[in-house]
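Since the structure comes first, as structure tokens, the remarks are kept for the end.
Residue numbering begins at 1 within each chain, and the chains themselves are lettered A, B and C in the order written.
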Amino acid sequence: MKKSLLALALVGAFAGVAHAQSAVQIYGTVDAGLIKRTDQSLAIGKRANNTLGFRGTEELGSGLKALFQLEIRYEPDSGTIEQGAGGVQRPLFQGQSRVGLQGSFGMIRIGRGLTAFQETSTQFEPFRGVPSPSGFQTDLMIAGYTSDPLGLVGNSTNRFSNAVFYNSPEVNGFQVNTTIGTREGSQGSAAIIGTGTAANPQYRVGSDASANPYSVTATYKSGPGAIMLATERNAVETRLLSIAAYVMATPELKLMAAHTRQDQDHTRLINAETKAWLVGANYTIGANRFLAGYGQKSPDGLSKTKQVSLGLEHSLSKRTYLYFDISNKKGPTTPPSVNHYAIGVNHAF
Amino acid sequence: MKKSLLALALVGAFAGVAHAQSAVQIYGTVDAGLIKRTDQSLAIGKRANNTLGFRGTEELGSGLKALFQLEIRYEPDSGTIEQGAGGVQRPLFQGQSRVGLQGSFGMIRIGRGLTAFQETSTQFEPFRGVPSPSGFQTDLMIAGYTSDPLGLVGNSTNRFSNAVFYNSPEVNGFQVNTTIGTREGSQGSAAIIGTGTAANPQYRVGSDASANPYSVTATYKSGPGAIMLATERNAVETRLLSIAAYVMATPELKLMAAHTRQDQDHTRLINAETKAWLVGANYTIGANRFLAGYGQKSPDGLSKTKQVSLGLEHSLSKRTYLYFDISNKKGPTTPPSVNHYAIGVNHAF
Amino acid sequence: MKKSLLALALVGAFAGVAHAQSAVQIYGTVDAGLIKRTDQSLAIGKRANNTLGFRGTEELGSGLKALFQLEIRYEPDSGTIEQGAGGVQRPLFQGQSRVGLQGSFGMIRIGRGLTAFQETSTQFEPFRGVPSPSGFQTDLMIAGYTSDPLGLVGNSTNRFSNAVFYNSPEVNGFQVNTTIGTREGSQGSAAIIGTGTAANPQYRVGSDASANPYSVTATYKSGPGAIMLATERNAVETRLLSIAAYVMATPELKLMAAHTRQDQDHTRLINAETKAWLVGANYTIGANRFLAGYGQKSPDGLSKTKQVSLGLEHSLSKRTYLYFDISNKKGPTTPPSVNHYAIGVNHAF
């Protein structure tokens, strides 16, 4: 900031070079494979999210750090930015865009990212939160809930934009994570009729939140086990409650279970409550990890969804593994029973 | 270029690895904070531009260098590419995309970037050119002028695309910076009625420039002070004249002033001239820097805009600071008086 | 994957830092210059593609490697992602997005990239495949063929999305490259009337492929010469056959020739066949390389296209060169004869 004006004009574009490279780390994932779903032709697709990220930290002294993280999401089969329903392109840094400070008080960040619940809960799901239909994260773990109902059409539904994120330090195995959003609405969100009418929807296009969205998780870890309590409220005042636990029954075997309830009584007059539960296991032996899970989602007054999934991850190295998934999902959809097969490679860099 | 064909086919995708990493520097800024404006709810937003850039230089011998710079701009609160009015996404490399040569003759670059005036003038504005409403750069410093009236709708208005940029070396404190654009029009620009009619606008959708846009600044530095003379003409032949100066009254105190005139007589029959001026000060003591400014913009025959701003930047390190801004702007708008408060963090990497 | 839950919650965003930086290489090209075409005003543009890429490899042991490559394409004159016809923005990683394994068996990759033919054939064209109108790659080398007729409107037409890419090792100078696509259709592709009617087109909007697209090249290299045989079939069953050869007549002089035939009889009742040929030469002396080519394209029953091009590349270093092109193209277009002049700089990083 104290550079001379005229020197700046010539070298200005390159100011700050000296410290730049050391501060930024590039990381990411490429995950692609062959996918076959009932009633669809063989396709190239993904199992996990594909990311290309940039992050860094700076020591500020006295144990304080500044940190940032920017994470691109993309589709490896077509080279586009990650796409939502209808081929809508999501934000460039769909993964996250946050800046903050970390110290003995914990970590506080500002920007866009997974909510406390959506981030913490992946540890209690046997497929570790992958968006593949074989995983349980995007439907059963969350009981069909969306964290971002007023977001841009096609956006992912497990993040808050315009939010403050706080992670406490771990104290005696106990930790709290909190996310609080502003009431800002996203330009481009769809109307939500809710308890209104098509002509006078409860939330119009581009509405602001009617209350501050928040998400809180409390986790407690003791020995080989952990438990999570979570609550979240989104911008249209839908509420979520979740309880989950895992235990390392042996060093190779992780068992887990979760129960989640979504309450939409602010926008629905009937059938406001959805419950879901799942159980899962991971068994690791040598280079192979077996994944298994079963769960159900029960919307009030509507048909149940039932899902069973098996997976195998075969490590070629610490950063690369092959995967083989098979799963079946039954529910009030067409067709009513869908099989999903996937074989592919996941490479972290 | 001389790789064997068949070796290339196998390793082709990875050719050029050896020199790659050393040549590219990653840099950027993340700036996010809480913003409160009169008549708007509390929001997450930015004060400075948010960038993620890639740049490098290559020594060509005899003091000649090749150089490039590509700079992404983004919104940290939502993770999107930088957005203009109406949520329109700007180019990926909104910051700049340029390639060129540097030597004893100065620096010549081709591509897209800030015009000579828009880049140089930030040094004479107490908030160093940040786009925050607390800053003076985007309105009063430029007297409401736009450098890119035929750009894509929603684009920023302080850059030339399709341009050649020349920066002279500094000789005895004197330097000249010049930007010249081609007459190419951008696909997607809006019509400008100007002296025409709605049915027959002076510049139709996607029009080419009616004259080559250019921007020239001459700066002279002597001891603790500097002066700038600038002129610019955009694609619809609006002209700008600006004179500005600063002086380091003490090593801690920088005083500055600027006067700018915009002349739109090519596209307006009346009220073609807008004048603006501002005075500002920066006072640095220890880790704190105080910013203050006042200015007015006077469009011919229309109401004045008056702005007063105060800011504080508290450095946590060389690369990270907290900021606190308060400002008031009065003018022919609704509401006629707007307060703007911001508190946030700026981290460079 | 075995991080403790609660430690993860605090440092999670930064997991995996240790191996990240070493694994990723950044590379790219910036190419910009002045371009003058008959009947168009002087413009800033490009000669070669502009890229910003990220790639890496991981040793898996036993000679096996995991590898990935993500390649952004952009327009340096305007800072946007690469644009197709009508200013449509192409995918972020338009260059390629692939992940795969390499070993003694060759290299297998999944994702999106140039087809085997489109990639291999650039070695038999005097301008090495640049998209400039001075080059022969995008029209005459391929006889007007498109590899991706069902891709997004405005996409480039020389790539397969949703594909598997296999490159054999070179054995006694012989090598085979193969690309096979799935039958997935792209959301957003235009209808192809083909042998149908406007109301009932042969391929509707967003159609899937009617057969698996594939591309195969076989190359044989012996001493100073090489020959290529290629065949490709796209998603609407247009077929391509190509034969090409080059010889290094002297160490400075490369001579080349190619003949390609496109057969569209699946979608056309008449005029289904297009033939094209070209001859070219590269002559390198010191820092200068001269490029020359001539070719014709003859659609069945329609007017010929004839192109002659001359180029000069003057190296400033291994990574930077200046270029000067002049070419003329005559054909069934308006105007019927187009001259193209370009002068610019190409910088690799």
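Rule of thumb we're sticking to: a contact is a pair of C-beta atoms (placed from the backbone, for glycine too) under 8 Å apart; a residue touches a chain by one contact, two chains touch by 3 or more.
If you want to know which protein each chain is, UniProt gives these names: A, B, C = Porin.
These numbers were taken from a predicted model, which means no experiment stands behind them.
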- Task: List the interface residue numbers of subunit A (Porin) and of subunit B (Porin), divide the shared ones by all numbers used, and answer same when the ratio is over half, different when under half.
- Result: different
- Once the Cα atoms of subunit B (Porin) and subunit C (Porin) are superposed, what angle does the rotation have, between 0 and 180 degrees and to the nearest 5? 120
- Report, in whole Å, the distance between the mean C-alpha point of subunit A (Porin) and the mean C-alpha point of subunit B (Porin). 35
- Multi-partner residues in subunit C (Porin) (2 or more other chains touched) are 26, 67, 92, 96, 98
- Contact footprint of subunit A (Porin) on subunit C (Porin) as seen in their complex: 1, 4-10, 12-14, 16-17, 19-21, 23-24, 26, 54, 56, 58-61, 64, 66-68, 70, 91-101, 110-112, 161-164, 182-184, 186-188, 208
- What residues on subunit B (Porin) touch subunit A (Porin), complex-wise? 25-28, 30-34, 41-44, 52, 55, 57, 67, 69, 72, 74-81, 86-87, 92, 96, 98, 102, 106-107, 119-120, 123, 128, 167, 169-170, 173, 175, 177, 219, 221, 226, 246, 289, 316-320, 344-345, 347-349
